[in-house]
């Protein structure tokens, strides 16, 4: 789908266009700030990039293909930016990644993405309600989009937080293999998210160091703000990474704790019962023992057994195993 | 709350102001050194930053919002500094963070914070008792504030030290799951504190490398002193980090030690009692055995059992399991 | 085997040569773009490198020997590149490495390799079907070859992925020593592959920073694309590296889980049976016990045993060990 | 305590001074090389630093306070150096740190330390016996002192080596909790020492890169020699660090080995004795069994038991558990 | 032992000298390329370095002392190089280090070493058989020696490889404490070797970056080749490092596997035998049970026991513990 917003810096007029030819004419007018958005571009719309805007073949290929690494290339009069974005809703796993590309020129911006991303809609609404914001140029437009892209990572952290809390509870109630598998899965997703943020950060640094982005002090401020947000994300991810490892340590220690309790019970049973077996064994021998002739021989044997049980119980208590 | 101290470098006179308009007039007089402090600023006081002092919107937003990352931005004629501070008193957890912002200009300093921080009060008192110190300029004022901010970290390390000692004692007395959870919590808090100090350090380095901070040799010395204090904090945190890991190793080994002791008792009981069971079993068989006809048959059986107990005890002793 | 392709930039004519002398004449014509490929060079063909093209002895030695590290050397008017390549088919292990060398001059390229590598054939076919591509020069030729070399790594990642899935299934069904050995082997192969990709990356970076490679903007774009592919490979290898470690953790936890189950059964059997042994022991003693004279004495004893079994079963149930 | 050595470069005369005023006069004579040492300076002597030599307040504070981090500050015509030193003798723990400060000027050196350090005495003796060495200037004096400071670390490594040997022996004889605690303590001390050496190294590098230290080629050589010694220390500490971790691994494996032996004995006892209990149990049943009427019924039962013992022993032998 | 080779670049004549005075005369003739080798220098020969060649005292001390760290110092008209070498044959341990020093001047090279090193002899033979090689100057001589020094590391890797294979076999046959100790020892030796190669590499990099070494393109090529060999060594050492850690993991898992097998047998014996004990216990009770009056009472009891054995065996089989 092709959407075009053309803003006239002199008249402060915002216009929507649909005809590609009209767009190509508009971009040659440096008094205009133009945003072209391509959502899931059709083959015809895709052709526009290479044949209409004359963007470099390698950049266009990256923009249209999924599974590319974040990158920033500069081509003389325009730059190409590719970042990883996160889709808003996802069921099974926590993290779900897509990709967002932008061709950045002096007076126009072309964005390309295969998935619907909410921040496109948000930015369109912002601009329509206050078109004068585009007086600040293409840099401001890009800042708004990337700010939305980065903001999308934070709800994922909330999900991770929730998952961690559920896991923690289950560890102390029922530390079974299934919890451990969920810990492993979460660990992998946090790693994946760390890589995604870290790669976006690398690309943002690259962009910040590039001349075209340092033309205005304003732009530099915007990029530094985005940089701070990504660094803040990394700090939080590192914290969750630590917490997942703590969960695993807690799981292992909970399992080993259960094992200890089993061993304690086994030892307690054996320690209390075995002497009884020996005592009954002795009076089960077929010798003609004097005790058999005592009036209270049976009582004596039972007393002996009771004493043994009490002694052993006290011993186990002294070791805190009972 | 708005507090303003105005120092006249020529008359060495210190004056307190309360009217914002008066303040905005004062800052244009370069013969004066001015400190404006905003504690939990009201909406009206907050407006002063952008509309009165004309600070950049992004910086003002960072100063007023909580949960920002430490940063240092330079805007031509003034700079913006944001650092993590630690609040003085806290019950449940060891570390409690807030944030401290400063707009640094040639002749005036504006500080913003959402929480009461003790070093503000301390610096006000220092200046009131010896106003001439402000002859050294805004840099000295900032140094005093940051010195207080950094000094606040050290009592936290004392708390960590105390917690570690309590934990250590409990590990060798009662190594239960609860101690382990406290170790995990402390580990996380140390990590959090490390990140906080490390981020402040990054920002301080950034500030040290900035031109505006290298105007006077005096300033550079002050900043290097702060840098050393933060590095010293990091060294100490690294040491406590090591100690927490040692605690965890000690816990695990203490648990495994207990397990070994349980196994030893189980083995000892089984080793001593089982042969007795066999002996009593033999003389419990319903054969017409010769021993039944011996005068001392019963004594013989008991002797046999005593010998078995002694032999097994000696065997266990030789293995040091008893 | 010697194969030579000579392209005339003016006539757009592609010619194949076989006579080494003719080749040496052709390379002095800067209007021509020439590719010389040496597959498993004979001693005579090998001599051509040092004596015909006058390449440096150290570079030639590296190109002809197996087991060299990836490297990039620049010798004034030509450069030497050595990269690790992966052979296409392999049975026992996942990764199988060979080596690919290239001497890069302004208008000709000499490639040397001891193993048949599929991307040579692919590039030859591409050129033969569209010779005009060589108008883009030697850089484009090299880009095509290295693109093929890097693409060869991806099928190996698929194999690793398959192996990991098989291993994962077996871990939860039969976690024996053999699975563990396969995990160890896979871990080692992933490490080996990481080193290989990482070394190729180092060399590519070196090449990118070299003047001769920055002559045209076009070349820089090609190299950056290759760089991105290698970085993407590294990201994926890091992910598999994480997954192998998770497999090992899962294995260990699965083994420990089995151990716990064994201990639970041992404890259950002992806990239920031992009290029975004591009860039968008591009524096996040769005292004249009142119970022996009861009408339902035997039933009483059996009831006592049934109660004991039920009590112990409930106890084990309460601990979730049964 | 104040000690002053004044060397006249022209007359080669070495003089000792005690009057602070005389010292302050002497340092203005650039023909003289002067060394002022302050051991545990009294308040009056301490004042000399700021008021007599006019050193910077921050540097003086660092020199007089304990617990500072190694640092190197340059103040125009003099530099301030602070390094960690190790005291020579110590009982309980292996490492014991103090601090050594030096104010370095063109023609005079002022050293400050709170603890008696042997290398001060050594350097005084060297100079008194061969005063001409001071022709090489303040740099040579400093080199001698720091060489002594660094040499003090090596005996500590010997102590660590001895401790490690004692620990290793005890691990295989009696791997109890106490050995483990000593390993933990040693690990912490090695970490502490690593940090100390590493911090000194950082400061030395800083000093080496400073202009004032590069005035003479001779000075640069001396500093590089000190740098090599510290790097050598780090290499050795890294080795001991590895060895402590190996000790811990050995301890854990020794404990687990003991556990295995206990389990083997438990299993052996149970495996051999249990069948006997069953056999005696069978012939203890009150049925009228045919065996009771055999002439050699008792012998038969004993033979059965002997066969069972032999069979089980062979089984355990085959598994190498006996 | 002093050995001197003097090569005349004009006459291509190679001469051996023995008189130190003659040597000192020869080196002033820049038309000659001279190599002086000192193997285990006598005190008199050692004096030659400082007094004859006037090398710096610190460098000479390093060259004559054992236990120095690899280093590269430049002294105006000559440089000093110290590298770690490996002695060819060694019994007990795998790695055995010595040290090799070289003073490098424009037209002469002085090498010093305390141990006989094979590559000295090899280089002497190479030169004697083809003296013209010395036309390439001192750099080529040094390259030949260092190439030999580095080549000596590779046989050590073969030894490590053999040891690892032996260890691996024993782990699965007899995983006892002794194998573990050998793994620990090998791990330490690999660490030591890594440090040695890494330190040599640091020094080589230092040398490569030094002006005197970049005089000729030829020299730079030689050094880059040596650099590649050392990097290749590091890659291989890293691989063996990984393999040693895998060995340790395999050992631990093999021990834990054995433990599991022991527990399985213990559980199996207990599970099968305990019910039998209970059955015999029941019929050993002195009640007047109906079974005693059955004709096939005894057979009934034995059948009951057989059924119990079969049931328990099937249960154990279902759990795969038998």
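All chains are identified by letter, namely A, B, C, D and E, in their written order; residue positions are counted from 1 within each chain.
Please note the rule applied: contacts are C-beta pairs under 8 Å (C-beta built on N, C-alpha and C of every residue); 3 or more make two chains touch, one makes a residue touch a chain.
Everything quoted here is computed from the prediction, not taken from an experiment.
Among the remaining chains, those touching chain B as well as chain C are A. Minimum number of contact steps separating chain C from chain D: 2.
Matching CA atoms, the turn from chain A to chain D amounts to 145°, rounded to the nearest 5. Where chain D touches chain E, under half of the residue numbers in use are shared by the two copies, so each contributes mostly different positions.
Centres computed as Cα averages put chain A at a distance of 26 Å from chain C. We define each chain's centre as the mean of its Cα atoms; on that basis chain B and chain E are separated by 42 Å.
Within chain C, contacts with two or more other chains are made by residues 259, 263, 266, 270, 274, 277, 281, 284-286, 289. Viewed as a contact network, the protein chains form a single closed ring in which every chain touches exactly two others.
Neighbouring chains touch in a ring; in the direction leading from chain D to chain E, they appear as D, E, C, A, B. Put simply, chain E touches chain D in their complex at residues 56, 58, 67-69, 71, 73, 75-76, 177, 180-181, 184, 187-188, 191-192, 195, 199, 248, 252, 255, 258-259, 261-263, 265-266, 269-270, 273-274, 276-277, 279-281, 283-286, 289, 291-292, 297-298, 301-302, 305.
Within the complex formed with chain B, the residues of chain A that make contact are 172, 217, 221-222, 224-225, 228, 231-232, 235, 238-239, 242-243, 246, 249-250, 253-254, 256-257, 259-260, 263-264, 266-267, 270-271, 274-275, 277-278, 281-282, 284-290, 319, 321.
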